[in-house]
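We just call them A, B, C, D and E in the order they show up, numbering each chain from 1.
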Amino acid sequence: MAFDNGRRHVPVLHGVDMDVRPGEAVGIVGESGCGKSVTWLAVLRLLGRRAWIGGEVLLDGRPIQDLSDKAIARIRGRRIAMIFQDPASSLNPVQRIGRQLAEAIRLHRGLEGASVQAEARRLLDRVHIPDPAQRLNAYPHELSGGMNQRAMIAMALAGAPDLLVADEPTTALDATIQAQILDLLQEIRRDSGMALVLISHDLGVIADLCERVMVMYAGRVVEAAPVRTLFDSPRHPYTTGLLAALPDLEAPRRRLEAIPGTVPEPGHLPRGCSFAPRCSLADEGCAVLHPALAPVAPAHRVACLATAEGGR
Amino acid sequence: MSATTGPRPGGPLLEVRDLACHFPVRLPGRADDGLAVRLLGRPGVLRAVDGVSFALPAGRTLGIVGESGCGKSTTARTVLGLQAASAGEVRFEGQAVTARRNGAWRALRQRMQMVYQDPLGALDRRLPALSQVAEPLTVFGIGASRAERRARAAELLEAVGLSPRLQGRYPHELSGGQRQRVVLARALVLEPSLLVCDEPTSALDVSIQAQVINLLTDLQARFGVAFLLISHDLKVVRQVSHEVAVMYLGRIVEQGAPDDLFQAPAHPYTKALVSAIPSPWRKEGAQRIVLEGDPPNPAKVPSGCAFHPRCPWAKPVCRTEAPVLTDVGGGRRAACHLLAPAASAAA
Amino acid sequence: MLRYLSLRGFRALVTIFLVLSFAFIILRLSGDPALLILSPEAPPQAIEAFRKGWGLDAPLYKQYLGYFINLAEGNFGQSMRDGRPALDLVLERIPATLAITIPAFLLKIAIGVPAGIYAALNRNSFADRAVMGLSVAGYTMPSFVLGLLLVLLFAVNLGWLPSGGVGEDGRLQIENAILPVLTLALGGAAILARFTRSAMLEVLGQPYIRTASAKGLVWRQVVSGHALPNAAIPTVTVVGFMVGSLIAGAVVVESVFSWPGVGRLLVSAVANRDLAVVQAVLLLVAATMIASNLTVDALYSWIDPRLRSGRGVKAGG
Amino acid sequence: AEADNRPTITVAVQQVVNSGALTPLREQSNVGARVFPMIYAPLIELDRQGDLSPQPGIAESWRRIDDRTIELTLREGATFHNGEPVTAEDVAFSFGPERMFGDTKPLGVDGQTETITADESKSVLGAATGPELPPEVPAIARRLWPSLKEVQIVDDRTVRFVNAVPDLTMEGRLARSGSSEIVSKKAFLAAKDWASWAQAPVSAGPFKVKEFKPDNVLVLEAHDGYYGGKPSVKEVRYVVVPEVSARVNGLLSGDYEFVTDIPPDQIATVEADQKFEIVGGPVLNHRLIVFDKNHPQLANPKIRQALTHAIDRNAIVEALWGGRTSVPAGLQWEYYADMFVDDWAVPEYDLEKAKQLVAESGYDGSPIPFRVLNNYYTNQVLTSQILAEMWKEAGLNVDLQMKENWQQIMEKNGDRAIRDWSNSAPFSDPVSSLVNQHGPNGVQQQLGEWTNAEFNTLSDVLEKSTDPAERKAAFARMLEIAEREDPAFTVLHRNVVFYGKPKAIDWKWSPTFAMDFRADNIRMPGE
Amino acid sequence: MASVDDAGGLDRLSGAAEAPGERGRIARFLEACPPLVLFGLAWIAAMLFVAVFADWLAPYKFTAMDLRARLAPPVFMGGSWDHLLGTDELGRDVLSRLFVSIRISLLIAFASTLISAFIGVVLGFLAAHFRGWVEQVVLTLIDFQASMPFMILALAVLAFFGNTLALFVCLMGFYGWERAARIARGLTIAANQQGYAGAVRNIGASPFRVYVLHVLPNIASTLIVSVTLTFPELILLESGLSFLGLGVQPPMTSLGNMVGYGRDYLQTAPWTLLAPSAVIVLTTFSISMVGDWLRDRLDPTLQ
């Protein structure tokens, strides 16, 4: 599968290029607001009618960006499923979990009647919700955040999608629960061989689960590499910054190196490299020239004028 | 920090002894209850905080970690006198802290302040940053004129790293880290000696989190403020604390210096917590202890050790007897039957 | 729950008591029914006699106590106009009133809610602007003007419908009710459309709507299955207020269409200071109001399970 | 039975009765006067559509026995609505204590002046129950018949009305609408209580009550045994349609056969449609402006005179009434016949004179309150605004005050100066109007608005004297006092009633307020 | 509402983004104040102008009558230029009366709306601050107000205190306060429980400071929406009350009064009714337009 999309009109994404292969786990990291979620919402055309989306989205090599609303609805959930950041508010508060789950099952499995309930129970069981039969009757507010997130995952699994996009599935959760969820995703991926896109801004989470990482900054992919490569030899100054900002439990205590400044607002991007104003390596060239995503090593691509040259 | 109001020589700035905070709640009735009970629910007691003791010297940081709902925030609120304690006492600079909102209570606000998890929610959306920071000065009548107060606020905002250009902005126009800086500045403008930070970074993303953490350390160095830092992120706590307390269901289950505690957690819960933290630098072999189930309901605390239903090493005694916080050596204290002198060799 | 219910019940009683006491004092002190019921030409002796006969010459507190003692015994008093039991007079009018207010109420919902939803789904489109423009016109147009225009069109010019009254033989007839129902419904529908629209917009921005789409539901299913039930919560509040006006809220329409309803009875009873009748109406109005409040709260928790467990605070009006 | 294919007519009225009781003894209003003659049969009635002369009713003939007694011979064959014959006993009962006077005593007997004694025993809010009369009924009855001592049954068909004092107006009182109605004794006594009787009275008029819902509808059904001939309409439905435009629209859309109380400005709307017309004209009622001479600004009669001279009555008649009424010769009616003072007129419109009077009076320009009800009278609000402007012209600062009810209008609180009123002449003698309303026992004096010693002496003469010349002189002088010298009121114009109806219905209106639907007065299209 | 709508948000952003140069400034202006809002502002300004200068603008004195020129049609219906909008049933100039009516009605509606919002907010705050029995009392008052037909309240005040304009304004101020009170209470409780209000209180600020300086501005936007509903209701209510002899009374005039008395002339002289009706509808429309816009403007997060 290959994606190539960009969104102008509202200049939020600026030509994002990414691809996900079947069965692969890809992590997307980046600061808040850099366009991680929007990218995938745009792919699934979940951004509202008047968001302007340009570029091309290919699913199994076929473009899907011009499909009718009906057709795209058939892709959602069945081919590409998505789970969202804040599970409590992403579930319909006035419907029982069971009903929301059953809706997805009916939609994608064509089941009817009692088998729907059975399948719903099985799915809840699959995501390790204790006492699933009873939980089917619970409302989202009656469940903890972790359980809600699991219910969301169960819902996404109902369509047996080829690709699951997990948008910050653990941000709102406790460390212990987070561990449970990450474990669960790992397990599902192992069992079903589906591809996973894990969106997060926590490099630790990504490191746990993914094979390949893409780092996004201000609406662009600035670095893409296999997990270990990225953490061991990050090439983009932004990636380096992110890693340096992460406190660690085990290493000796050091002062954290925060990236100075803030993410530029969409629509008010600096000319040239968007990271230039915050970058310690930036020179005059960075302020005018757009770096393109270029390979620096096998399977490692970086969009940076300074480090790309340095690496050569 | 003014010298006149400093801590009593010798005594800690903040002393908390056997603090408990219980809420009366109604538990859902069961089918075998009478109608009235089923409608009304059964009366129950929610032990949000159940016998917590600690001391915090001036200028130091105590980190409190623990799962959601374990009573961290309630502890903080009670310490600050925002919430009446059910038992135990809180002494601040030798004075008892109560929740009665009288003149003394208000005067105490000058000395102890709070920073919240959600900076956007804690700020008035309709006031620019500078005005919000100047407000406590107005409230306490500090500073001769509006201009003077604003000057002081601006100074402090600058000190927390918010440039004058940003000071006139509204909260929503600031980034999360900047907002948290505004909240910090608002808390610090009165020059308190204690700052309670309730999850000051959980809403922020990593790079901003780093900014705030650095800021906290800097502020402590500069103003000598004592922090009570509440978080469930151990990485953050380790980064800033001088001492860490791990809470589980309203009690402290382990307490000690952060490096030791995280290097070699003693209590099974701490172990699980530490192992659950994702890190890009995790050693390959490190096995994650995934706890089963959700944190139990504080209104239905299990008998014995509250952690036993989730504890992979639970013994029969754990089911019946509640362990007490005891010294387990190396300046560390823990509440676990497994760490009883006999068993501790195994650990 | 029980505590809550008993608190609500107590408050309801206090409210009714306040309403009745207030009306009692106001009506008694602001005019003399004797003068108003007997015409101004009536001889002073007759007026004197009337006052004595109805106990209007007793000290106010005695009349007040007397009223509530009678009420406690289930006696609502009699109309001073014709000596008939006040409650009978009111109950006799209730069917006529309900015959227009209930269909109007349903029509308001049937028009207002879909219009609001449609406008919200097509936000900022021409249709949205048109619906909202009409809505403003709808609720600013005095109902007597609207009623008159409808009569001119449908009764005088087209001759399709009668211009007013309940119909032959005094039995309620559908074609007589159409215009009053329409008049009542259009204004209310306008307000409801406005509220529904904003409730709907609020809901459409919620994350769970996106979740529903992401599931693979087509837009229509998302709207009907997920947006509507959630948008119903604020809408129910407004609808609840409308229930309160079922009994005596149609005064103007009743007089424009010569409809013998409770609203007109209330106005004439107030004009005559016919206390017992006014009180009987007020009692019903207050009771409906309170019942509708309770129903709204019950509906809330039916629609929104989050309110079932705790006593959630509902914001807004 | 054979099908009754007589037509039914629907009349849209502003109100059927104000008081909720279908009896003139409770309801002394113009609206009541519209329907009562269709229900009740009087002893003597007026030639309503004609010259208003007395005509036989239940009484076939009558004669004076002396100045205190009249003897009436009853008609044969008159039946009540319930089919029973009207007897002398019913007549006597109708004027007896049970139905009319309660325990009141006639004026003039044993020096009796106070006619009412109130019953203290009633509960706080107890209404009249049983056949017991509500206390206001005897009071009203005594107003109609202050000195009627008794009605004697001479024989089955002869009764005698005996007064306590000499009274020349007894025939007039008998012919007055609302005071000589005969009811069925049996039906009255059988009623559950007075209230239920008053909802469905049984008399011998052309129609009987079929259904009555106050403020809503009154349905009258033909009383085929009516002595004046079987009605040609089967049913008359009076429906209450309070809004003027609703009545007009209902007429135009064919919902009603008749509509009443049409303001002159609506005439054009109705007559724009060729099929409809407005009929009607002046009735036995004048519109007045009444003064309170105790108000500091009005204490000086010059101011009141100025007020009367500043009014351009003809302009009002033209503008608001489309010239369909006229300004009468003061508070009197032509049907007073011999008692009518020919060379009398209302004060002429003379702005200069008014200004001069104001100047002479030393008026300081402080406001003079004018209390007005919201269109209790047709065009009332408009008229009062015109008046206020006219008075301003004359330099009188009249302050229009809209009030909610009559009590507020009448309330004596130092602020009462000018108010609206109307005055009827229920029978053909000045006693019925000038004395009744403005005399010592009349409302105006009872309210403490005005009094005049000479006027009051003359009132007595008018009431008691049996010498026509003396009475006429007294009346003329009274008019002079009350309208010119020490004005108590001033007459604005004759009141008018307008009815809307299809041209195809042949029907004559009456200046008595009554709407007559008896067979000889209405012919439906196609008949 | 605007904040939650993705598409709307995008629109706003896009306008700003692709707006270089002079055209852009106009576009930006139009985007900040859409034409309908501009119209609304202009209309309200015009109404205020008329209200202030009514005497000066009116071609005739509003009570001056000409009984010979009754119900003269307006210019556009074939009337003369003497009376631009024709004359009423007493030959008074409709335009002049309209001007004075606008003054009176706007005064009543504005002042009463303010009073009602004030009462409601204060009671709402009291309820939210003290909770417990104070809250129950306020809730009972709200129920009371909701179940008491306004006519009886009006009767009460006017019967005891007479009918002056000032009093009438106060009376009308009792209309709709319960809605404001409900809103204020609900939002304040929410603000106290979480968010900024609690935070400010914990700084040590007095309740007065918290409510007036912090909570009030924050709930203002919701209140504004409620106020834009109360406003036309008040105008209509006033017209209803004049019919019961309780409202603005002749010789004074008001929009409601003109509509009310004009209703009998709908067929013969529609202008007496239509002119004031149009003013009511347009004013309300403008107010709700401007109100919605103001609500968005006042909320810094939505800009």
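Please note the rule applied: a residue touches a chain if its C-beta (ideal position, glycine included) is under 8 Å from a C-beta of that chain, and two chains touch if they have at least 3 such contacts.
All values derive from a computational prediction rather than experimental measurement.
Within the contact network of the assembly, the step distance from subunit B to subunit E comes to 1. The chains that touch subunit D as well as subunit E are C.
The minimum number of touch steps linking subunit B to subunit D comes to 2. Contact counts per chain pair peak at C-D. Between subunit A and subunit B, the centres computed from C-alpha atoms are 31 Å apart.
Centroids of subunit B and subunit C (each the mean of its C-alpha atoms) stand 53 Å apart.
Chain centres here are Cα means. That of subunit C falls 22 Å from that of subunit E.
As a whole-number value, the distance joining the C-alpha centres of subunit A and subunit E reads 49 Å. In subunit E, the residues touching two or more other chains are 5-7, 155, 159, 244, 263, 266-267.
Contacts with at least two other chains are made by residues 245, 404-405, 408 of subunit D. Those residues of subunit D whose C-beta lies close enough to touch subunit C in the complex are 12, 18-21, 26-29, 115-116, 118-120, 122-128, 134-136, 138-140, 142-143, 193-195, 198-199, 211, 213-217, 219, 239-243, 245-246, 249-250, 252-255, 404-410, 421, 424, 437, 441, 443, 446.
Looking at the complex, you find that subunit C touches subunit D at residues 31-32, 34-50, 52-55, 58, 62-63, 66-67, 70, 77-84, 89, 92, 144, 148, 151-152, 155-156, 159, 162-165, 170, 255-258, 260, 264-265, 268, 271, 276.
Of all residues in subunit A, those touching subunit B in their complex are 31-32, 130, 144-147, 174-180, 182-183, 201-208, 231, 241-251, 253, 255-259, 262-263.
Touching subunit E in their complex are the following residues of subunit B: 80, 82, 106-107, 109-110, 113-114, 116, 121-127, 135-136, 139-140, 170, 172-173, 186. Against subunit D, the residues of subunit E that register as touching in their complex are 63-65, 67-68, 70-71, 89-91, 155, 158-159, 163, 243-246, 249-251, 261, 263-268.
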